[in-house]
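This report refers to the structure that appears directly beneath it.
So that you can tell them apart, the chains are marked A, B, C, D, E and F in the order they are listed, and the count of residues begins at 1 in each.
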Amino acid sequence: MREFLDMGGYAAFVWPSYAVTLAVVVLNIVWARSSLARSRAAARRRLAAAGADA
Amino acid sequence: MSDTRTAAPDAASVLEAARLVLERDLTLALRRRGQLVQPLAFFVIVTTLFPLAISPELARLREVAAGVLWVAALLASLLALEFLFRDDAYDGTLEQYALSGQPLTGLMFAKTAAHWLLTGLPLALMAPLAALSLGAPPDAVPGIVASVAVGTIALSLIGSIGAALTLGLRRSGVLLALLTLPLSLPVLIFGARASELAIHGEPYVAPLELLAALAVLGITLAPLASAAAVRISLE
Amino acid sequence: MPREGLEVENLHLWRGEHHVLRGVGFALPRGGCLHVTGPNGAGKTSLLRAACGLLYPESGRLLWDGRDVHEDLPTFHSVLMYIGHEAPLKADLSARENLRYWIGTRRRIGRDTLGAALQRVGATAWSERPARTLSAGQRRRVALAALSLLLVPLWLLDEPTTNLDAEGQQLVGTLIEEHLARGGLVLAATHHELPLPRSRVQRLELTHE
Amino acid sequence: MSWTWFHRLASPPHIYRLAQRLTPWFAWPAGALILAALYGGLVLAPPDYQQGDGFRIIYMHAPSAWMSLMVYTTMAVAAAVALIWRMKVAHAVAASCAPIGASFTIAALVTGSLWGEPMWGTWWEWDPRLTSELILLFLYLGYMGLRGAIEDPQRADRTSAVLAVVGIVNVPIIHYSVTWWNSLHQAPSVMRLGKPTLSTPMLVPLLMMMLGFTLFFVAVLLVRLRGEILVRERSASWIREVLST
Amino acid sequence: MSDTRTAAPDAASVLEAARLVLERDLTLALRRRGQLVQPLAFFVIVTTLFPLAISPELARLREVAAGVLWVAALLASLLALEFLFRDDAYDGTLEQYALSGQPLTGLMFAKTAAHWLLTGLPLALMAPLAALSLGAPPDAVPGIVASVAVGTIALSLIGSIGAALTLGLRRSGVLLALLTLPLSLPVLIFGARASELAIHGEPYVAPLELLAALAVLGITLAPLASAAAVRISLE
Amino acid sequence: MPREGLEVENLHLWRGEHHVLRGVGFALPRGGCLHVTGPNGAGKTSLLRAACGLLYPESGRLLWDGRDVHEDLPTFHSVLMYIGHEAPLKADLSARENLRYWIGTRRRIGRDTLGAALQRVGATAWSERPARTLSAGQRRRVALAALSLLLVPLWLLDEPTTNLDAEGQQLVGTLIEEHLARGGLVLAATHHELPLPRSRVQRLELTHE
């Protein structure tokens, strides 16, 4: 296990790369969902405003 | 009935007026998402241009790092300057400032402060990154931040005079540079010297003090000069 | 005792090579309204800008309550409001923000006062939209709101009814009448009739040469 | 006549619902492929005879770099389609691509940098491949900055679309920079005509990871796309329907 | 009677229209006495800043001469760019161009040509002076002039796209830089390499050809893109 | 046979979040004049800009001589002239130069023709001065000169009488009448009456909502 974590002496380079890239992957999920939620909220607000006008 | 006869009791003081002018300019800048990062991005791009144009060797880059940094800061500050007064002149805001009954000097000072907060300060915070990428040692960071922060104050002030002077003219961009750059030369020279000394690990207090002196001189004179220039441009 | 109000004496103004105002003079007392007319290029705008001290006349005097205004321009400016051909709006700010920052440099102003002024000019529906998206008449209405918020004595209005619909033109008339009633002075330049009873209005006709 | 199916297909409500239905079909396979490729790349693949275990960065670097280019190309094509046929949905696709692409470009730059230090002895070098990839990041940022600076959504769409289309010239430059200039960077080993030069146990996880990332991109794109469609849609009736679910 | 029904026999051709656009922009620039010297002066000032900010030793300067020259040219061209479309957008001229019934691409090409004549060409003529003052040998002059002349064509064209894209935006200066600089990087790289080779007395044809290729690419694509962007900005 | 002139069918236009034109339609034959009215912000300017293809409507059709104009915008543009709220003048060029460069991109134009047009709008005295120094009405008059120089069929005029004195307003009426007589079409938006006999003018009233 330790040997695996050590990555043949390249641990300081390999693990950060994996961390950064996988973080980008996870963040993309989070951002996409929050962006969709924001748009839905905005659309809801717009509908309410249009309803008030009519 | 008589409320038009006496000075209104709710008249705004100069300080309040200046605060509003400052707030207005900051609001305007923040309104556009990403506006804030633009001087930074420009600064970063210019500092990346140099290695491309010169040579990618760090040893050679370190030699010119301070100079590149300062020329980039000067240009970033200058580019943003154009907009300090120009839009306000177009849409009649300056005219209303001049007719507000408030001392125009105070309002000009507020505008210049906004310019510094929006360009100088972020540049100062960003400079270390650019310096490090050009091969400066980490020890140089405090000196670089201090010199850029103080130097950009002077640059904003000098620039405000230039911007006000060129108000009446269309296509003022290059003329503005022409007027502002010679006045900015001392700032550039002392700033670059302070940064260079910091990069080489030597004491950099002397040029920094000169920069501070320039900034103080600017604070006392520049708003007066630019207020006068603005009034003339309205005639 | 010096007379109250605005007095202009024998004003001569050059613009470039052009002798625009040749000895214009008038006296505008408290509660008076002067309607400046004349063909295009006669010098109406020039007269208004000279009257608020933005243009410096070649000769002649400009007196406010009997004092020469050029002796203390900032004080004179604090009693007047000038609205030119274009409303000075910032494209990126909403009508409400524009008013707040514009009027705020001159007087303290509360949210409610601002809201009431916006409502008065029919701006409630679009007061939060960036000024960039406003129609020509809507921009003018914001300027009217500014006018109604600043209770300074002297209003200088350059074509205040431009771009306004019938109701907006009537609003200009009402605002002016209210202002005159509280002792204010109005100096307005238009090519149309001012929406006011004729008896309330003095006229000054500028001509070429 | 033949256009009716096309317009029905491109109609916002249809695309919205389609996107909603398709998302899981991309998301789950993407997750499975990425996990499998991680196992294959970190455990099963043997160490490289020159680079030892350091070469394993390839499983993050190459797919990220691939994404940076593929996403940009998608964005530019969508933008061109949107400009030419005035298709809102295509604008929505282009707008959805930018943040995804920018984030993977950053990943490619960071992982490349992390790989460069042990292999070339430097974090950064002003080499054509590296520089053009940095320009790609600036293009993504410029695209998003331009969008952010324009308030009117329709103008933002159309203006930024022009930039996206113009910026496409950078993509072949990045790809061929290694061949056109002599460069520090690795010559193509996977993306090339003919046979890849990697050994099979090394290659298979890499291909799986690339496919996984691609499917992941589509899944994220579909989610973002729904939001972007909502922003652009004016007819209230179907929005009400969609929001109630 | 029927003259509104058929196309007017005295309709202007695209070429005539483009010539008028070009003439107009040149007239406008010449109208302000001294307008012409401004990009030049800017260029000279930037190239003199460096020796001040870096070091006055000619040997050290020569090493970075090509880079400094090109960064200065790039920035001078950029500064002048702002005004390429902006004034015309403000005063409604672009709207009238878009509604003129002439292909907007042709008119945009004329505007870009005017920009190059007013900035690129003078920069090319001025570059040798700056280069000599930075320690380049006289033999390098033809190479430097050629590379700056060809390179600035590409810069003007790339810049026209950026300027058109940022048309509707206030405070567009920095965003313009942000959009234009990445696309200009190849020009900078090849230009600096050509100048550097010229300074060292080596053959510089290869990078010059690449510059020319970029310029040709720009000529074919940029007017199309900027015409599209202008139309969008009017919506 | 397709009908001649301009037809607008069921135009829907959004500006930002705002549904401005909701199914506007009209037909304007050769020799017809349509006067668009409506309160501030009703969408007059938007309608004019959509009618010349600068704004792209959400739905609806725009036909010129029976052909959809969006199929070939440049050709449509070559038959129309649009004058907006502001005259597109370059501050550093004189009125004469402005006209030369503006109209010159569309038709060949001789010195005499130009001089005659300038004289017609009363610009002879100031036609060589930089436009920067012109008064608001003088700028408008240059736009009128441009109009009289381009004999294209379709004129789209946004508040053509703004800033003009009485004589200038009459000139607008005369120009329009001449244009109608030669078979031209005019689409004009103003808040005031057009200076034309009422019988010649169709009206279109835009309203909010």
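Assume contacts are C-beta pairs under 8 Å (C-beta built on N, C-alpha and C of every residue); 3 or more make two chains touch, one makes a residue touch a chain.
Remember, predicted model here, so these are calculated numbers, not experimental data.
The chain with its CA mean position farthest from that of subunit A is C. Most remote chain with respect to subunit B, judged by CA-atom centres, is F.
Counting C-beta pairs in contact across B-D and across D-F gives the higher total for B-D. Between the Cα centres of subunit B and subunit C there is a gap of 35 Å.
Averaging C-alpha coordinates per chain places the centre of subunit D 33 Å away from that of subunit E. Distance between chain centres (mean CA atoms), subunit A to subunit E: 41 Å.
Touching two or more other chains at once are residues 91-92, 133 of subunit C.
Counting partners per residue, subunit A has no residue that reaches two or more other chains. In subunit D, the residues that touch at least two other chains are 131, 138, 141, 145, 149, 151-152.
Note for the complex: subunit E touches subunit B at residues 29, 32, 35, 38-39, 41-42, 45-46, 49-50, 52-55, 60, 63-64, 66-68, 70-71, 74-76, 79-80, 82-83, 87, 90, 169-171, 173-175, 177-178, 181-182, 185, 188-189, 192. Contacts from subunit B toward subunit C in the complex involve residues 1-5, 7-8, 10-12, 16-17, 20-21, 23-24, 27-28, 31-32, 87, 91-93, 95-103, 107, 234-235.
Chain contact summary for the complex, subunit A toward subunit D: residues 4, 7-10, 13-14, 16-18, 20-22, 24-25, 27-29, 31-33, 35-40, 42-44, 47, 50. If you check the complex, the residues on subunit D that touch subunit B are 124-127, 131, 134, 138, 141, 144-145, 148-149. Within the complex formed with subunit D, the subunit F residues making contact are 14, 16, 19, 56, 58.
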